[in-house]
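Presented below are the structures under discussion, each in the form of structure tokens.
One chain, chain A, appears in both complexes that follow, with chain B as partner in the first and chain C in the second.
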Partner chain A sequence: MTAPTLLIRDLYLAFRGWAGQIDVLHGISLHINKGERVALVGESGSGKSVTARIILGLLQQTRSARVSGLVAFEGRALAKLTEAERHRLRGNRISMIFQDPMSSLNPVYRIGEQFHEVLKRAEPRIAPAAAREKAAAALADVAIPDPNRALDSYAFQLSGGMNQRVMIAMALANEPSLLIADEPGTALDVTVQAQTLELMRDLVAKHHTSVLFISHNLGVVREFADRVYVIYKGRIVEHGRTADLFADPRHPYTRALLAAVPRITGEGVPEIDDVSEDYFQPLVVHEGCAEPEVTG
Partner chain B sequence: MTHLLSLHDVSKIFAQSKHEVRAVDEVSLDVDEGECLAVVGESGSGKSTLANMILGIYPPSIGTISFRGEVLPGKRELAHRRAIQLVQQNPLSSLNPQRSIGASLRLPLDVHGLGERSQRSDRVGQLLEEVGLPADYAGRSPASLSGGQRQRVAIARALACESDLVVLDEPTSALDVLVQARVLKLLNDLRRKRGLTYVFITHDLSVVRNIADRVAVFERGRLVELNPTGKVFSDPDHAYTRRLIGAVPVVTAEEVRLRNHLMKKENVSA
Partner chain C sequence: MMPPIVRLLAKRLGTSLIVLVGVSMLIFAIARIIPGDPARIALGPNATAEQITMLRERLHLDDSIAVQYGYFVRDLLRGDLGISLYTNRPVTADIAQFLPATLELIVVAGLMMILIGLPLGIISARYRGSWADNLIRLLTLLGVSAPSFVWAVILMLLFAFFLPLFPIAGRITDSYTIEPVTGFLFIDTLLAGNLSAFADAAWHIVLPAFALALSGIGQAARLTRSNMVETYDKPYIEMAQSYGFPEGKIAWRFAFRPSLIPSLTIIGLDFAAMLGNAFLVEAVFAWPGLSRYGVAVILRKDLNAIVGTVLIISAMFLIVNIVVDLLIAFINPRIRYSQRAT
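For the complex of A and B:
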């Protein structure tokens, strides 16, 4: 059996500050197999985004951060790689889409120039003309009507939805094996968000890309992910296949989270505690969703 | 019967260098005392421009806005500014970070001369308790509160003026889902207890379904549908409304069925 695209085992994270040590992740474990779309859902401050930063190898460089545990990408532990090797993975084998496309694109460079930079991550000597051709094809893939015009534009000349598509095209341009999507589309209108997600879904299916989908929006997760991990205050509390987890949420926190989502069928506003001792109950794993053995 | 708030053929035109933008285009609608009217639409649909005109931040280019049957002037009197209050999306930027919670809540009492001066600090404590916060939070700064608590303070500030109409501009979209549920609950309770009227501006249709009495749907500055909430979510008049509801990410099988049902109608009518 081949190693999962991403394997995280007992990951701890703490920040050391003037007020002492603050624990952020209390030993989380998760895995993503090839071509799988896995969601990490939780509220703000639960540790979703720091997990993404650790996978990218960015937090390890922060001096106040204490990271321990295993993060393995395609069977290789990130901690055993040199900084140069980790650098080569980023933007190439592992790429990321951020929540707000406007602030992740550089406003003073045209889209075409930024796309060239992205393509150079995989192919350092790529010529501008070849890069432009590749970029235009990638933009056409994300259903941008006039790719050449988009390449000559600045980010602020395009709409939010267009920028998000540009980000998706860039993130997938080098055919990464892992895509980390941090709240993609939350800054967009619902109709645009729905289109964006559908597009992303089709593209990752086509390229067999594994996706770590980070979100607080359960509705979006339900529509996008194959498997779901629910995270609460730095602990994974429930893990299962999307259909199972939504049909039969078993952890008190997952239940509260699901109950709190207003329904378009109109059940009224529910009465729910935003803090409860019950939310700290141990992890619930649905049938057939055990973590794989760590090999090597 | 006079309506609490009436808009008659209201348009707002912003002049650009080469062309003009009709942010709100010939909108007429009435808001009754005690109701919650949701204003929904995508970005650029004109819902915030509408809110700004209701609040008197700028006057309409064409048309009139009346409050309790009286046409509001372009520049509002103090009494009208008191009667119509705003709760914004992000309490972190709408509350002054330099000012204690108590000072922020006391300011409207002083400006509008509400109550005896000596009793105003007690009033601040009551307001905090009314939104479910301890009275001693008056001494705290906004930075020491969580997002949900800060939004409660922003709501208390709108209540401080004894307002009749509260314009809620995306009041829960910056909050986590558990916190959102509690703030919505609070808004519902306050409306019932105080007989408040809400104009609830949002793009979140699932929130609208559970809090509004009627829904006004805006598309590019135009009011395309105005109906009771139940009707909007079971048999909407306009294709755009159907598209909006069809795009809402949902969590239960019943919701999926409803959505599919609406989209099927969309395809038939298309």
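For the complex of A and C:
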């Protein structure tokens, strides 16, 4: 059996500040197999986004951050790589899509220039003309009608949906094996978000890209993910296949999270507890979803 | 349809002209309202009443201010700013003599602000929290907190007197005789093909220009740093980092350019303000420039020279502002493209 694309085991994260140590992640474990789409779901502040920053190796550079535990990418522990090797993964083997496409693109450089920079991650010596051709093809893949015009535009000249497509094209341009989508398109209109998510799902399926999908939106997760991890205050509380977990939520926090989604039928905003002792109950794992053995 | 940048230029030139007319009226009136009889000051204590009356008549001082302004505009359109009572020469000749020295000083100081201030700010932001950042912040704070004439004296003492690395005063060593063509020593020495004189002039300008530039360097560096630190928190920088763009490139291109806009505005203002601030530095370094001339003529209530000097300085101010506006439009596509809509 090949190593999973991403394997996280007992990951701890704490920030050391003036007021002492603040624990953020209390030993989370998760894995993503090749070509699998896995969602990490939780409320803001639960530790979703820091997990993404750790996978990219960015948070380890922050002096106040204390990270321990195993993060292995394609069977190789990140901690055992040199900084240069970790840097080589970024934007190349692992890429990321952000929440707000409008502000994730640099306002004073044309899309084409930024795309060139992205392509250089895989091919450092790529010529501008070749890069442009590749970028135009990538933009055509995400159904942007006039790729050359888009490449000559600045982010503020394109719509939010267009920018999101550009971000998706950039993220997949270097054929990464892992795509991290951190609340993708949360800042967009619901309809635009739905369109771009569908597009993204088709593309990652085509390229067999593994995806870590970070979200608080359960509706989107249900449509997009194969498996779901629910995270609460730095602990994974429930883990299972998407269908199983939605059909039979077993952890009190998961049930609260599901109940918290306002119904379109108009039953009002549901009342749930802010914090409950029940939310700290131990991890519930659904059938057939055990974490793999760590080898090597 | 004009290109947007030309439209911007035309608009700025138009408003600048209006400002210039306003400034000329204001300074013209103020110079005449402040107490003291220019004719009496010019002729000295031993002048007779007839002499004073004659001079007052020649200067139209007994007419109303509006009429005097009319005479002034008529002469100005012929390129005549009148005779200076202080030097007894046409004001235009005085300005032509003194302006190049000051411009040279200010241009060099401005370059120092850009070439030293901005990189210091970038380095400070890129390595924020490090010893380099703290050192730069301390030094730039010193630069901002003391006025330029204090720096002029300190620099002169340190690097011209105790440690004679630089000449102590003046624009050029007296032994060089350079034919004044443009009045700009850097240009004239090159026209004369005299490279050692050029080097000598460059040597002379280092200390005064640096003294003048120090507060600007400090401001530019501090502003660039704080803007860049803010920019570093923007999602597009996080995006650049998560894609592994080289850190140097992120600092010098992706974070710097969006942060440059406020710094440019400040440098532009500093640049223009130096025309006035140059006075004390010029006095310390015996620099034969326009700022010294301007203060001398104000003390003597030399009406024509005051108005002429102020007009030139205002024009410079406006030109610098136009240049800065164009640069910002060039750097910031949002401004460049919004011109199309107006």
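One rule holds in what follows: the second predicted complex is superposed on the first by the 291 of 296 C-alpha atoms of A that agree within 3 Å, B and C clash if a C-alpha of one lies under 4 Å from a C-alpha of the other, contacts with A are read in each partner's own complex, and residues count from 1 in each chain.
Throughout what follows, contacts are C-beta pairs under 8 Å (C-beta built on N, C-alpha and C of every residue); 3 or more make two chains touch, one makes a residue touch a chain.
It should be emphasised that the depicted structure is a prediction, and the values quoted were computed from it without experimental measurement.
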In the overlaid three-chain picture, which partner chain does A:Thr191 touch, first (chain B) or second (chain C), both, or neither? first
For A:Gly288 in the superposed arrangement: first (chain B), second (chain C), both or neither? neither
In the overlaid three-chain picture, which partner chain does A:Arg222 touch, first (chain B) or second (chain C), both, or neither? first
If we overlay the two complexes on their shared chain A, which of chain B and chain C does A:Pro145 touch? Say first, second, both or neither. neither
Looking at chain A, does chain B or chain C touch a larger number of its residues? B
With both complexes overlaid on chain A, does A:Ser103 touch chain B (first), chain C (second), both or neither? second
Taking the superposition on A as described, I'd like to know which of chain B and chain C A:Gly91 touches: first, second, both or neither. second
Does the superposition put A:Gly20 against chain B (first), chain C (second), both, or neither? neither
Counting only touches as set out at the top, which of chain B and chain C does A:Asp274 meet: first, second, both, neither? first
Residues on chain A in contact with chain B in one complex and with chain C in the other? none
Within the complex, chain A is touched by chain C residues 129, 234-236, 238-245, 249, 253-254, 257-258, 331-334, 337
Listed in rising order, chain B residues that touch chain A in their complex are 42-43, 147-148, 176-182, 184-185, 188, 203-207, 209-211, 229-230, 233, 243-255, 258-259
Write out the stretch or stretches of chain A touching chain C in their complex. 56, 58, 63, 87-92, 95-96, 98-100, 103-109, 117-118, 121, 154, 156-157, 170
Per the touch rule, the chain A residues reaching chain B in their complex are 43-44, 160, 189-194, 216-220, 222-223, 246-247, 256-258, 260-274
